[in-house]
Each structure stands twice: as structure tokens, then as C-alpha cells.
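Chain IDs A, B and C follow the sequence of writing; residue 1 opens each chain.
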Amino acid sequence: MTDQHEHPHTHPGAPLPHSHGHEHAHDVPVAPTGDGTIAISHLHFRYPDGTEALRGIDLTIAGGEKVALLGPNGAGKSTLMLHLNGIHRPTHGTVHVAGMQVSNETIGRVRAEVGLVFQDPDDQLFSPTVWDDVAFGPTHMGLTPGAIHDRVEVALAAVGALDLAQRAPMRLSIGQRKRVALATVLAMNPSILVFDEPSAGLDPRGRRELIELLQSLTQTLIVSTHDLELARATFARSIVVDRGVIVADGSTSEILANRELLLAHGLA
Amino acid sequence: MSRAVPGGRDARAAVITALLVILAIALLPMGAYVAILLSWFVVITAGAYVGISPLRLARRGAIALPFLLAAVPVIFLRTDELLWSGTVGPLSFSISGAGLRIALTAVLKAWVSVQASIVLITYVDAPTIVTALRRMRLPDAIATSAGLTIRYLELLRDEAKRMLRARTARSASPVGVGRERIGGSIGWRARTTGNLVGSLFLRAYARAQRIEEAATSRGATGSLSVGTMPAADPRLAMKVIGVFLLALFLTLSGALLPRL
Amino acid sequence: MHLPDGFLAPQLALALWALTAVIVGVALRRLAASREAGGATGRPILMGLVGAFIFAAQMFNFPVATGTSGHLLGGVLAGYLLGPWAGTIVMTTVIGVQALLFQDGGLLALGANIFNMGIIGTLGGTLIARALALALGGGRGARIAAAGIAGWLSVMAGAGITALQLGLSGTTDISVGLPAMLGVHVFIGVGEALITVAALTFIATTAPDLLGAEPVTHTSLARRVGAGAGATAIVISLATLFASTDPDGLNSVAQALGFTHVEAGAPFNLFAGYAIPGLDGAASTIIAALIGAAVIVGLILLLSRVAASRKGDA
């Protein structure tokens, strides 16, 4: 099965503030091999201490769709996201990503197909240089050094961080670290990207850059956020989760216009 | 869930009780199973008073059981009180009653002692114990350092857990492309683990600096005994005497009760 | 390597407590002196956070083969980062908290555990690391490599001393116990060495100003040889100790010190004396056992009810 040939996208008319000075040595296939679909059926999850975090989730997301996950703290958004790459396993119900059911047999490939960007980039960046961190994923997958090099370059270019390649992550600004954290995940060529509170801690410019970045991505996107403006600007579809169940699933503009709904579920 | 009363209690009696009971158990002679059982009753009674059921205590005490492995050699290598000796296939070995007694006694003592320790930490929480130790002349540097370690333990462990989770999330198998060795070489894996350790250290160091700045801006000068000392237990002397008697009773039981 | 209570002879446990207290006292005085002199690493807040860090860092592991993984104890790492005295205090705290909060190691045996892992492991390991670093030339690379070697040595020494203590207490047979402990810890020690070196390299690359130990200035050949010889001498004498410990010798030492308490010749006689008057033979002992069991079960049930109601009161 060969990789497809594709160019990384930039949003037309909005140049990324950080230009990359490198050219690709040669075009490298970047398209993911999975179909980027998500299918969750009757998902229940109980923590070991007995807390019922998810109480019956049914969800279908098509490849390439961009969905915002809204809801108050403690609603179960993070718990739900951690099911998508197999960190949590259902107590009842099933989770299918990119056509595979998440299980012990498929977990290796699931992690390659679903890229999770955690809320605190410091949890994700642990290498001496940006390059090493982005290379971690492909290296673990056992790719050849040439393939690793290409993947890292492409991933860094996609987030506009090629010029940061030899810097230490500790010394970057929060916005830069968030972009690098995304690159560490892009380097594995996932078909699905999941973000946990990506705009937390960003100033208005950082937020604007984030929105542009998210709009440039072609993968299936699921973003959990409290930032309603981010949701409105970037996602056509929103899902509202509260107390472990989905209470609304539909057009972002309709949901955000429904003040009662927002108030009832801690969003306003 | 625990009966722990935060900070406001003098825990010296509790600490001394736990230590003396454990010492009494350690002093029991080999084979004093009935005395060990008696000491277990003492411990589970205290446990019930504190809100832990005996079965739960017994189960948690099981973390001591793997140490039986350390004592297994004496069972097979001692030659006194042979219970059985012979050959199984090409191997000839023997089982020594004396060795069995040593191993069993050690494991049972460990099992009960762990439960005593659990009762202590359930009855008074760790910061209260540190305060009590301070009162018992634990040096300030250790008490302060221990207090802070306890205070930030969960926080740093959570950071570590999240970092581990992030590493696991990127520990994938390749999809459809050629591969050399999944998981990297041992050297590479050791290096990334070391990177995790180093990153966590830098985060801890930075946090320590922030705490120091916050503390000095509120007037601290190095010792961080937080809050006022709880009032001294007026019945401390009586309790200590009581515990001495209890320990004496257990030790006597070890000497007088039948042994196997 | 955290010994639980009940495995060491009480006299040995108490003696080690006393020894540990003395050495920790020395460490505290040295620490106070260096703080007066302006040293930065003895700050209690930093030590507290490094303690929590060591705890958390012990969760990091890497798979070595199916089922086994290498992970960190952290003694030499702490000693390298904070210096031998502060490092010893930190590990003392860590081992104490492990015993208190997680029952990882007994309370009576705590003195022995601190001695084996905190003093032999951290204090000894850090001093050996310094000697080795000096012998290897004193540069940064030499110091980090020395820390790795010392990490391995500290794990091995700690394991060996633990086995010796168990042997002295009669709880294990040294002819099997010592090689077994040392053998198992060979690989654990390698994991320790690798992670220590990798972590120090990371810190040296990213934040070199944080490495606490003072740089070595004089590296005359004579000093290097002397340091190397000293470290080697210590390692060789420990190795000789481990290699030459024989069970009978250990037993006679133990007896001389009054540790052994296995009654010679006590008849191994099941159920001796547990008889009900009026009944005879096996029937009476069985009934006695059943009554005993019933009493125990009844007591446990009663205490369970008490516990549940006490828990509810909270």
C-alpha cells in the first residue's frame, strides 16, 4: 500500500507569520492511509474508582469532518477523547477509528492513525531539541532514517516551525510549543487529529494563528474547547457533552445561538 | 473515606503506638504463630476503630507476601528438622521444618506489620505525622523537605503520568510503510526515558523556584513549618504508658503462648 | 530492595537505625555549613521538590524484553544534581515517605533501608562518582559517565548489603540469596546507569547551569590515579566481601551478636497441646481447630461491622 502524494495546505490569502526558509528535498507522501472515520457505539466508561464518566455515547464522524466538542468541566470530554487513541478502553460499547476497532491487537496502528495533542505541550515535549521530539513518533515506528528525516521536515513545515528545529522546547513560547506539539503528532501521518483545549493560554495573536492552522489541516479534526469563538470560527459541527452523555449534536451556529442550551450546560 | 483529621491533632501517640507494636511483633520468637495471630487481632481492632474492615486490611497487607521469595532458600537448604528429603527426577532436595518456620514467621510478621502501618496512615494523615515527628526532634531540614515532598507528590506524579501517556500515544506501529525495528533500540529507549526524567526535573526545579519566590515574598526564611503547632495531647503520657503495656503484653504472649 | 518489617533481626534493625541517624546527622551538619557558605542546593524547598521529582521519575520506564522494564531509583542522580549531602537527605526523605505512605518498606526496617539505598546508594554512590570523574579527567563527559558507572555500583552494593543483612538475620541462606540478589540487580543496575546518564545528558544540554556539583579544577595525574585507586579499592573490597561470605561464617557472626533465635531441636509437632478435655485424639484437635476458626471468623465479622459504621461516621 503506497502513500498518496499531497501538498501541505495553507489557508489562501492569510500568510503564516512564520515563513519556512527550507525547501523540501523532494516531495514526500503525507496523506494518511486510513479513512479518518470515527464510529462510537453505546460507549460507557467507568473509572476504576467507580466514577461513571461516560454513560452511553453514540457518535459518527466522517473522514475530513471538523467537529468541536463543547461542554462544562467534568462533562467527560477528555475521557471521551482518550478513548479515540485507546488510552481508555470502554467498559461497554465499541469505538472504531479509521475503520479499526480499538483493541489490544490494533492499538499500535490506532496510535499511528489518531494523533492526540494534549492540553499542556510540556507533557508532550521531552526531548533536547524540537527535531528530536518530532522524530520520536516515526523513530518508534521503526522507519528508516531517510523516511524519518522527511517526515520531520514536512511536519515542521506544516506548522511553520522549521526554523525552530534545533531549539530546545523549554525555551520556546507557549504558542511555539503548541505548534511543535502538533508537529510531533503530524509526523506520524494520522488521519484523525484530536486536540484538548488548544487555545488555552494563548494571546489573541496566538489564537488567530491557531485558527489559521486548524483551518489548514485536512485530517478529521476533533477539538475540545471552552473557547466558543474558536468553535464558531473553525467548526461547522459541534457536539455538546454534559455529565457523560451527548446533549446536542449539530450545526455550530445553531447551537451557539441557543442561549438556553448554553446556559443549561455550563457554556455561558 | 479516611478518618484522618487534618493538621489539628497531636499524632505523637499514634506514631509511637505503631512503632512499638511493630517492634513487639518483630521481637516475637520463631514459630509464635498464635502470638502473631493475637497481634493481628490487635491491629485489626485498631483498624476497625479507624474505619478499615479487617478483610481489606488483610488484603492490602498482601504486598508483603512476595518477600517470601527471599526466605525460600532456607526452607530447602537448612538441614535441621527435615520434614522430607528425596529426589524428584534428577534433583535431590529436602524440606526443613526449621526453615519453614523461619520463612513463615517472617512473612506473617511482615504481613501484620504492613497492616499496622496502614492503620497509622489512615488514622492520621502524612502532614500531621511530619508535624508530630518535628515535635519529637526530627531535624527541621528533613521535616520541611519531607513536608514539601508530600505536598507536591501527587502533582508531580500526575505530570509524570501525563508525560508517560503522551509518550505512549506516540508509540505506534507503522501503517503500510517499511519498518526496521518497532520501538527503537534499547539505547534509544533508554535515552528517551532519560529525556523524560530530565524534563520532569527541569519542571520540578522551575516550580521550586516559583515556590521559593512566593514564600520569600510572604516573609519565609527557610523553615516552612506550616501553620501553628497543634495543641499538645494532654493525655500523651498516659497513652504512651498504655502502649508500652500493650507492647509488653504482646512480647509476653510471644514467650508464653505455644509455638510450633 | 525495600525490606519489610519482620525479616531483619530486631537488634540488627535497631543498630542500623542508630547508624543511619548518626550519618544523616553528619549530612545535615555538612549541609548547614555549606548553606552558611552560600551554597545553593541545600534549600529545603528545592530538596522537597526534588524528592517529589524522584518519586515521580521512578514511574518512568522503558521495556527491555517482554515483561521486564528498566527504571530508575535515582540515588546517584539526586546526589549529582544536589551534591552528596543534600542528595542523601532527599533520598532519606523519599525512602521514608515510601514507607509511611505506601508501605514500601517497613517502619522498623526503615533505618536499614535508608542505610542501604540512601547512604550506601546515594552518599556512597555520589562520592564514588566524584572519585571516578576525577580519575577519568574531570570534564563534563567524564562526570556523566562516572555517574552512570556509580549508578550501577550503587544498585549492586545496595542489593548485596541487603542480602547480607538478611543472611545475618537468618532469614535467607546467603549461598543462594546473595548471588540471586546480585544477579537480579545486574540488569536493574544497567537500567539505572543508562537512565541516569541520559537524564544528565539532557539536563547538561538544555540547562547546564543547573548542574549543581562544582567543577573539578585540579586534575593532576597523581590526583587522578589516587582517586581512581581509591574508588577501585572500595569496589574490590565490597566485591570480595560478597564473594567470600560463606553461610557458616555468617551464622557464627550472627550467633556471636545474638541475632539467631531459631530454637535448636524444637519438635515440629503440629497441634501439640490443642486438645479438649474429655475428648481424645484427632477428633478433639479438629474440634478445637473448628472452634478457634469460628471465633476468628466471628471476630472478623464483628470488626467489619464496626469498621463500616466508623467509616460512615466520617
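Going forward, a contact is a pair of C-beta atoms (placed from the backbone, for glycine too) under 8 Å apart; a residue touches a chain by one contact, two chains touch by 3 or more.
In this text, all values refer to a predicted model and were calculated from it rather than measured experimentally.
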item: Farthest chain relative to subunit C (centres taken as mean CA coordinates); value: A
item: Chain pair bearing the highest count of C-beta contacts; value: B-C
item: Euclidean distance of C-alpha centroids - subunit A vs subunit C, Å; value: 44
item: Length of the line joining the C-alpha centres of subunit B and subunit C, rounded to whole Å; value: 13
item: Subunit A and subunit B, separation of their C-alpha mean positions in angstrom; value: 41
item: Of all residues in subunit B, the ones touching two or more other chains; value: 159, 163, 183, 192, 195-196, 198-199, 202
item: Touching two or more other chains - residues of subunit A; value: 128, 170
item: Residues of subunit C touching at least two other chains; value: 202, 206-207
item: Of subunit A, residues touching subunit C in the complex; value: 128, 168, 170
item: Subunit B contact footprint on subunit C (complex, rising order); value: 3-8, 10, 13, 24-25, 28, 31-32, 42-53, 55-57, 59-64, 70-72, 77, 81, 89-90, 92-94, 96-97, 99-101, 103, 106-108, 166, 170-173, 175-177, 180, 191, 194-203, 206-207, 210, 261-266, 268-270, 272-274, 296, 299-300, 303-304, 306-308, 310-311, 313-314
item: In the complex with subunit A, residue positions of subunit B that touch it; value: 159, 162-163, 165-184, 188, 192, 195-196, 198-199, 202-203
item: Touching residues on subunit B, where the partner in the complex is subunit C; value: 1-3, 18-19, 22-23, 25-27, 29-31, 37, 41, 44-45, 47-55, 60, 63-64, 67, 70-71, 73-74, 77-78, 80-81, 83, 97-98, 101-103, 105-114, 117-118, 121, 126, 129, 139-142, 144-153, 155-157, 159-161, 163-164, 183, 186-187, 189-202, 204-205, 207-208, 211-212, 215, 222-224, 258-260
item: Contact footprint of subunit A on subunit C as seen in their complex; value: 202, 205-207
